[in-house]
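Mind looking over this structure? Questions follow.
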Amino acid sequence: MAAYVRSKVIVSLLVLFTVSLVGFALLHLSGDLAATLAGENASAEQIAELRHTMGLDRPLLAQYASWLADAARGDFGLSFFARESVLTMFLARIGTTAILAVSALILAIAVSLPLGMLAAVRPNSWLDWMVSGVALSGQALPGFFLALMMISFFGVTLRWLPISGSATPLHYVMPVVVLAIGAIPALMRLTRSGMMEVLEQDYIRTARSKGISSLRVMWKHAMRNAILPIISLSAVQLGTLLGGSVIVESVFAIDGIGLLTYRSIQRGDFPVVQAMLMFVSASYIILTLLADVINAWLDPRLRQKSQ
Amino acid sequence: MTRLLDIQNVSLAFRQRTGLFSPPNLIPAVRSASLHVDAGEVVAVVGESGSGKSTLAKMVLRLLTPDTGTIAIDGKPAQSLGPREFARLVQPVFQDPYSSINPKRTLAEIIQTPLKIAGGVSARECEERARDLFERVGLPMRLFHSYPNQISGGQRQRVAIARALILRPKLLVCDEPTSALDVSVQAQILELFNELKQDFGLTYLFISHNLAVVERIADRIAVMYRGEIVEQGATDAFFAAPTHPYSKMLLSSVLPPIPGRPLPTVSRVFELNTPRGSQP
Amino acid sequence: MTALLDISGLKVDVPGRAGTLHAIRGIDLSIGAGECFTIVGESGCGKSLTAMSVLGLLPRAAILSAERMSWKGQDMRRFSRRQWANLHGPEIAAIFQEPMTALNPVLTVGEQIIESFVHHRLGNRKAALARAGELLERVGVVPVERRLAQYPHEMSGGLRQRVMIAMALMCQPKLMIADEPTTALDVTTQVEILKLLKELQAEMGMALLLITHDLGVVAHMADRVAVMYAGQIVETGSVASVLTRSAHPYTSALLDCLPTRDQPLTPIPGVVPALFGELEGCMFRNRCRFAREACADPVPARSVGEGHVYRCLLEANEVAA
Amino acid sequence: MTGLDTTVTANRFLRVRRGLRHAGFVLGAAVLLLTIAVALLAPLLAPHDPLAQNLSIRLLPPAWMEGGRPDHLLGTDHLGRDYLSRLIYGSRISLIVGFSTMLISGVIGSTLGFIGGYFGGRVDSFVTYIINCRLSMPGLLVALAVISLVGGSLFTMIMVLGLLFWDRYAVVVRTATQQIRNADFVSAARVAGASAPWIIWNEIRPNVLHHILVIATLEMAMAILSEASLSFLGLGIPAPTPSWGLMIAEGRQHLFAKPFLVWIPGIAIFILVLATNLLGDGLRDLSQPEGRR
């Protein structure tokens, strides 16, 4: 198990390194950061000067090396605009976004798991049809549209919920629901199809032939197997939710890292954007790693393979 | 008689990757196996699952490369043959009738595949030859342009055999070609193998776990156990008096359809790595 | 002899895109306490579905009907879910073809073995573990302590099938259904497993319904045998009578298909007919060398005495000739 | 309830389900084809020039609402442009982005998947590594950042989305190829002397094609949604080109007074994406064999 985790960690670090390099290169090669920063009215000399003072005229690899050296020490540089440490800005906002993403994932799992399972047990029941319908519609709803609709209905027409900011727990209700609805279709479909597949396995027939209750067959025999891919997907979804916070936070004006990133992208605040890319990538990598470890712990076959 | 296939001291171990940086585990699959097949002969390799018999067949087919030892076909080292040259000497028939032919291609296309790959034959002639073989292996012509899901397991094996024959190879490597089939169909396919041997002057390397089948079709038999060929000899002699304890056990495990006999006693107690059987 | 299981006129239909498949087309069978009854036939003849019908575990899409289907005189057709659950374990238990997939990969062997014993309230966990230990010892899965804690993938196919047998015996069933229990195993392992089954059957006085495609297995295991073809039983009787004095051309042809050194192979020509639509008469007639026009009409069952029954227009001794 | 009844009912439902799936497939295809027709015939169908401003009639409600005018069926936006015409022209953007992205990412992802799945070993490790790197990068964020730097345009949008969203193709094709790579008919082709590209194209591709088609519909839906999101955030298709996402962004200022400005393009996106997904689901179900036994 230790060797398994170790080799996974090494690969993950390698992936993280590659992603940081690719992200860095993309941001630098896609456009002229200095020109973006200097604004539309700047003269050529002004731009050149800005480029020089910010070290943007150095070779790309050299820039990357110094960025990486700083980042490894936890220093992600200063924001071009706020003249504040990127790390400080992040730490001030990460809690808000984390609450959003984690609550959304919990809500999504709480809805998807039982409904997906029931649909699998009773295929073609009204419940199964509802599950399929919800999954299909949820997949087709753009998050920002849903957010606007909720604002206009619950916020304006009914006046039940506050429509922007993050001052009270009530402020989180709509954003969490919007994010959760984005995550539900995939989770629900996987639960349903995974459960159906497991229910067709020989060992389920064996369990039934033993005369134990169907609840026990479901819970002990089927769920233990069906849960494995769901754990992996949940990790992926949490990573996606962090990235998806950009839209939801900007619609609901929640001051989390998503909104920070969106603003920074608009004004070319490269250090913040690069840090956000790294943050979301690192979260994704750590989460999937965690899911792998949990799965190895739940599935003796994986455990043995890893020995 | 010419020696069509000559396997000398061939060994192969599978590497099991344990981690990214740790050295792989070596799992020996075939250990220093030597076997030859003369032109016109049927040599059967028998053994249970995990005995290495399929691995041996895959090496002969060049789907796996031996770690050590040599395989010569028609007097030339197998590795020195070009892919087309090799294909005209050796062709395979595999076990699973469902996986052995491409479900998305018509039977006509499947049979022509080796000829298309070899090239140098007009499309017309390709089809002509495929038609001839289609009939020869006992398939009704109306199925020529059908897809595999329209035919039975036995018919699929006939298609696989026709495909193997279209390049007119000298050696057919048959890896459990009937073990996925029902007995009534198995009998049909075995009869077909017998007829084709005469008509096409074929030589077979026949891999099987079924001693009754092997007794019926083989001239010589090699028994594999845990990667080693523990005994080989002429079929008659083998069935009359097997020498290796494993061979004896294998033979005693065969259940004839004769009622009233008790189940045989199988004793697994015998020494491993006992001396090889007599080399003919 | 009072029959444990008594079935007549069993039919199973499986509707599908290509029409309704008449997988089992009216079969009768009865199994007495302590006997070994085998059903033999080629793939698609309906032998496995017969086993699943008796177990009440037919696939969702299949439709079952029967004139009579009773367990110890109770009508199985009217069984509730609960009655089925009470039947599974203490009355009927089963082992299946693929030992590699029949055990749950994420649960220990111990957990799986004791499950039904505890569930049927035959004793507490401790008693269950003790009984599991005895049975594993008996079927040769040793050392018991270590094996109970192992997962299925840590065992070979032969060992897993032994575990399945021990698991099936936990509640002392009156009937064990074994659906091709040795097909996936090597021949040497097959003999061991069959021997074990035979011994356990005698020790526990249970009946065995053995499903197989192998006439060799039939000859060595069965008291009585039913030969199935295309969803019907074409011949049934004591194993000695059916295998040595076959009255149905199919049984006889099947025996002739087995490769032997001395006699030439006589394959059965043609293929098994598709079981869709209206099916009349003898289904073997398109492959039968004795076929005649009357074979297309419904064929009555004929008796040769001593429970040896076959479904053919030929006289009992005509086939052998 | 006896076991008999449940099997009978279950079976009837099975047929119903297949039928409905089929209906979904047909419906999805019909809506998609209709949208394509509308997009192609936009100049003929649109009652007005989608870019023509008329400030005197700004923010007209749809015709059936109070104050609506029959010559502006869906009303007008904040610059007095005809909303129906903008909606019709907007379908072009969605479809072009959807199809082009689907094709570009399909070629990249499938190629990677075939290579990794067929060759296995170190090659596969490398492909898996590339896929992992891609999956670790937050797609929408990267797209936002790159498009904001390069400058938003239809071409940039297509290229960025196409070069980013190939991961699902790669994962699915790789897995499917791995399963087929060991099939005996592939071995037979290898013994016959076929090269790896020949085998991938002639033996493996036909068996993976239905997977690719299903992913293609999902990716197309995904691309349409991504375009709308990016345009909504103001970093996609630049104004005044009519794009559904941009229309929502512009209508957002009037969300409380004139909600139809958000509703109409939002529902258009919903219907198009739903239709594409229905098509994909139908494809998946129809390509699934009933079982070989």
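The chains carry the letters A, B, C and D, assigned in the order they are written, with residues numbered from 1 in each.
By our rule, a residue touches a chain if its C-beta (ideal position, glycine included) is under 8 Å from a C-beta of that chain, and two chains touch if they have at least 3 such contacts.
Worth saying up front: this structure is predicted, and the values here are computed from it rather than measured.
> Determine which of the two chain pairs, B-C or A-D, is joined by the larger number of C-beta pairs in contact.
By the number of C-beta pairs in contact, the winner is A-D.
> Quick one: point me to the chain whose Cα centre is farthest from that of subunit B.
The chain farthest from subunit B, judged by C-alpha centres, is A.
> Could you work out how far the Cα centre of subunit C sits from that of subunit D, in whole Å?
Spacing between the chain centres: roughly 51 Å.
> Averaging over Cα atoms per chain, report the distance between subunit B and subunit C in Å.
Measuring from centre to centre gives 32 Å for this pair.
> At what distance in angstrom does the C-alpha mean of subunit D lie from that of subunit A?
21
> If a residue has to touch 2 or more other chains to count, which residues of subunit A qualify?
11
> For subunit C, jot down the residues that touch at least 2 other chains.
Those would be 84.
> Got the subunit D residues that touch at least 2 other chains?
Touching at least two other chains: 10, 14.
> Name, in rising order, each residue of subunit D that touches subunit B in their complex.
Residues 183-185, 187-194, 198, 202-203, 206-207, 289, 292 of subunit D touch subunit B in their complex.
> Where on subunit C is subunit A touching in the complex?
Those residues of subunit C that touch subunit A are 55, 57, 81, 84-90, 93-94, 96, 98, 101-107, 115-116, 119-120, 151, 153-154, 164, 167, 171.
> Help me check something: in the complex, which residues belonging to subunit C touch subunit B?
Listed in rising order, the residues of subunit C that touch subunit B are 42-43, 186-192, 194-195, 198, 213-222, 239-240, 243-244, 253-261, 265-269, 271-272.
> Which residues, counting only subunit B, touch subunit D once they are in their complex?
Listed in rising order, the residues of subunit B that touch subunit D are 58, 61-63, 82-84, 86-87, 90-92, 94-96, 98-105, 110, 113-114, 117-118, 149, 160, 163-164, 167.
> Can you check the complex and tell me which residues of subunit A touch subunit D?
Subunit A reaches subunit D through residues 11, 14-16, 18-19, 22-23, 26-27, 30-31, 33, 36, 123-124, 136-137, 139-145, 148-149, 151-152, 156, 236, 239-240, 242-244, 246-247, 250, 261-262, 265-266, 268, 273, 276-277, 280-281, 284-285.
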